[in-house]
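Both complexes below contain chain A, partnered by chain B and then by chain C.
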Partner chain A sequence: MAGYFKKMYHSISTVLTGLGITIKYGINPKTEVTQQYPEVKREPPEGFRGKLFVDINICTGCTACARICPVDAITLKTVRDENKKLRPVLFDIDNARCIYCGLCVEACPVDNCLYFEKKYEFSAYSKEDLISHFGLGEVKPAESKTEDKKTEAGKEGKEAAQ
Partner chain B sequence: MTELINRILSGMSPTMPLTRLLITILIMVVSAAIVLAVSLLYEGFATYAERKVAGDIQARIGPNRVGPYGLLQFVADGVKLLLKEDIIPFYADRWLFIIAPYIVFTVSFAAFVPLSYSDHVSIANLNVGVLYMIAISSVVSMAILMGAWGSNNKWSLFGGMRAVAQIVSYEIPIVLSLLAAIIIPASLSMRDIIAYQSGGLGIFRWLVFNNPFTLIAFFVYFIAAIAEVNRTPFDIPEAESEIVAGYHTEYTGMRFAFFFMAEYGDMFVVSAIAATLFLGGWQIPFIGGIPMPVWLREVLQVGVFFTKVFLLIYVMMWIRWTLPRLRVDQLMELCWKYLTPIALFNLIGASVWVLLLHDRGVYDIIARVFTR
Partner chain C sequence: MTNADEKFMQVNMGPQHPSTHGVLRLLVTTDGEVLSGVKPYIGYLHRALEKIAERVTYPQFSPFTDRLDYLASMNCNLAYAMTVEKLLNIEVPRRAQILRVIMAELNRISSHLIAFGSFSSDMGAFTPFLFGIREREFINDLFEIACGARLTYNYIRIGGVSKDIPGGFIEKTREFLDYFPAKIKEYNELLSYNAIFIKRLANIAVISPDDAFDYGITGPNLRASGIKWDLRREEPYLIYNELDFDIPVGKGEMGKTGDAWDRYMMRIYEMEQSAKIVRQCLDLLAPGDYTAKVSKVLKPPAGEVYVRAENPRGELGFYLISDGSTKPYRLKIRAPSFANLSIIPKLARGVMIADLVAIIGSLDIILPEIDR
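And then the complex of A and B:
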């Protein structure tokens, strides 16, 4: 019989303790921790892997990123310009394919050339819209014909490897 | 309601029995429509309030996108449920399956009828009001079992059997604890019970403060009432982690909405019984003795009554978002080993109190000592 009342007391006191805790949150609106996402955006943390960005003007066209990419998301085409420097005329990153592994960023030999932006809202209505174009477009090619041959040979070698 | 009909009919010539009948039916239909509209509106806002209370307690915000402060969320939900496909399982007992949600909803709607919302506002002032409420809310268990059996689904059947076991068990402490309060005003009419609780600043003559036994009876009733309407922590009939959704597993669209609305309607009904029998119903606290125009008094009384009911509903929601679900054996243990014996001894105590002191409560005794 003593156990009966003890049990009753125990259950009532524990229920009241629980109710006391929840009402503190229930009547105090300041306890809300929800961030209203479209209106309030949280700053992404350090090292956040968002959309890939290429600073095309300092790109050396080494194609290290395109070669290391495990999903072939990067399409790169280079041409020697009049100063005999390799310039990327075509630099497309397919964001639909990208798995955000970061291997290309590690492979890039130039500081702050290829890196992740903190941008994460870039959904699109078609797959094609997801491809970001960074290429310089047409570059005035070098006058020397030998250089052209070299690039062509390099291209052919790459195609053969594939 | 009958007063209103009589007043309108007394102004007419008694030579047209057909017109009198038609007008009587018209008034009945209109009043039923008013109650239906009000109860549907209440059920809509109750679902909104439930989600807001849950959000507050869980440090979230809750619905706030549809309309100002998310107030129109229930309209959006209602439209969604209306447009959902109405699925009836192939092996279901069609007749039982179709009729069950209507019975559940009708019963919870019918329980609004004998409630006394203010001194003159009530649909029907039944002289057996409390008995009617208890009787009509028991029909829910039959309709739930109909739906559960008709679904031809093991989870539904388990849920239905659990619901019936629970509702039938918890009827006993409910009735016993209500009796402890009813023996003091010695009436089953909702209006008479509230009228009895006048005086004492509109608070101290409440039956809950009448004597220690009615205080205990109030808490026993409230716990048993939460179980009666299948709410957490007593929601084993629809325990989603065990039996999917219990008796309404197979219901979709509006049929599901009927079950859902009936749950909130039942919450209102049990809270209204608690407010009427224990918390003084529409008695206006503190300023009830001041003379004021009749319309103002009626409006205040309706406001006070609904405030009391909504506070009790808030407590139910608060409990729901605090406590985890009980096991089946714990639920039955709580009913048969704790609530029923307590209610029984409580009823004996209350009867002895009434026998010795008649209907004088603690407040009356203290007031008598001071006025002497």
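And then the complex of A and C:
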């Protein structure tokens, strides 16, 4: 009989200890950790891997980023301008495909050319709207018909290196 | 859904069941309240990661390892990086090794926090889940300032780590380590020694040492059965042999050794030990290189290696065959959860339906790693 009451006491006391902790957090506003998200937004720290951004004016069209991307999220097409410099006429990043791994950013040889912005809210109604277009877009009519894929662009880049 | 003889009933548990920790389908045969058989069906999260490995280069596969056990990405990154390094004979600088241990152990804590939290919510106590998530957020913040991501880190790379830790990281980590022990005490008061919780778990689903060996169980689940086996001690990698930490083993404190409560408690003890390891590593941290010199195009010699590491859920192994090209010829992944899952049919025979949730939760399986 004594054992029965002892067990009962033990059960009730451990449950009350647990409840005590819960109540302590419930009534103390200092312990609050929830952020009221859409109203209060959190500033991501330095180096946060958000949406990718390309400064297309300093991009050399070397295609290093497109070649390293493990999921082929970057589509690049380059042409030579009148000074024989490679220019990226098409530079699309598919944000729905990108896995934000950062390999492209590390591969880019130009400082502050390809980097992550701190943006993390960019939902869209259609899949196409998730593609960011950075390309210069000055395609000559003859070339615009063929849709160059990353591999072809990569070949061109290699030729340029030679 | 009734069987021909109408004594048994077959019911599907999952794939969309809150306590299957992912998308696991269990075909349950019940005899009233008692289970007469359980058959797991897996593959709902199959993404052909092993096949993908054959078509991407060695460094390109690293982000995919994040997606094996996504609650412990750092540990998966680490095991993969060590595999390729062994093939290439790369010596990792000391600072990088220490940083790797810090990240791996912090990730072990955050993974065990989820195990603790989700298990308690499976058992009907929701508050501890929120507590676990709260502390995990702290660790996620640490990882975020170190590498920029909160879940799929891709931080530990072939040769070292992707970048050095920024200023303030060490102070923040110390702050966490000072704050954490009080929280563990709170978890114990709240849940671990709660009489109802113990009654619910003690003597349930006992895994004997022999069974554990037969089924290839590893990690905390193996140690809960009383076997002191931890790769960080048995086959020390990185700087683990310099560190002072204990390997907790199950002693059957509340019932038989290797019961569900023991498995649960192993994770609480391991979190304490991991915190101890991180503290030592922070003291050891000296200036140096964060990565070895690794060429951009990796072309390992033809050959094969097997490397294993102690993940929060057990022994993660990579078996890698190289044919001398820039891409792996074959990569086989030994996922700890797969072996741990395989014992469920044995454990679940003859128990009550409600205990099945306790069995799955206490084994702490994770499906993306099983299906790969």
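Here are some notes:
Definition applied: the second predicted complex is superposed on the first by the 107 of 162 C-alpha atoms of A that agree within 3 Å, B and C clash if a C-alpha of one lies under 4 Å from a C-alpha of the other, contacts with A are read in each partner's own complex, and residues count from 1 in each chain.
Just so it is clear, contacts are C-beta pairs under 8 Å (C-beta built on N, C-alpha and C of every residue); 3 or more make two chains touch, one makes a residue touch a chain.
Nothing here was measured: the structure is a model prediction, and the numbers come from that model.
Look at A:V33: by the touch rule set out above, it reaches both chain B and chain C.
Looking at the shared chain after the overlay, A:F48 reaches chain C, while chain B stays out of its contact range.
In the superposition on chain A, A:I23 contacts chain B only, with no contact to chain C. Looking at the shared chain after the overlay, A:V15 reaches both chain B and chain C. Once the two complexes are overlaid on the shared chain, A:L90 sits clear of chain B and of chain C alike.
In the superposed pair of complexes, A:P70 makes contact with chain C only, with no contact to chain B. A count of residues in chain A touched by chain B and by chain C gives the higher number to C.
Overlap of the chain B and chain C interfaces on chain A comprises residues 15, 18, 21-22, 33.
Partner chain A is touched in their complex by these residues of chain C: 56, 59-64, 66, 127, 134, 137, 141, 144-145, 147-149, 152, 154, 162-163, 166, 186, 189-191, 193-196, 296.
Contact residues of chain B toward chain A in the complex are 53, 55-61, 318-319, 321-323, 337-338. Residues of chain A touching chain B in their complex: 4, 8, 15, 18-19, 21-23, 25-27, 29, 31-34, 36.
Of all residues in chain A, those touching chain C in their complex are 7, 10-11, 14-15, 17-18, 21-22, 33, 44-49, 68, 70, 99-103, 106-107, 116.
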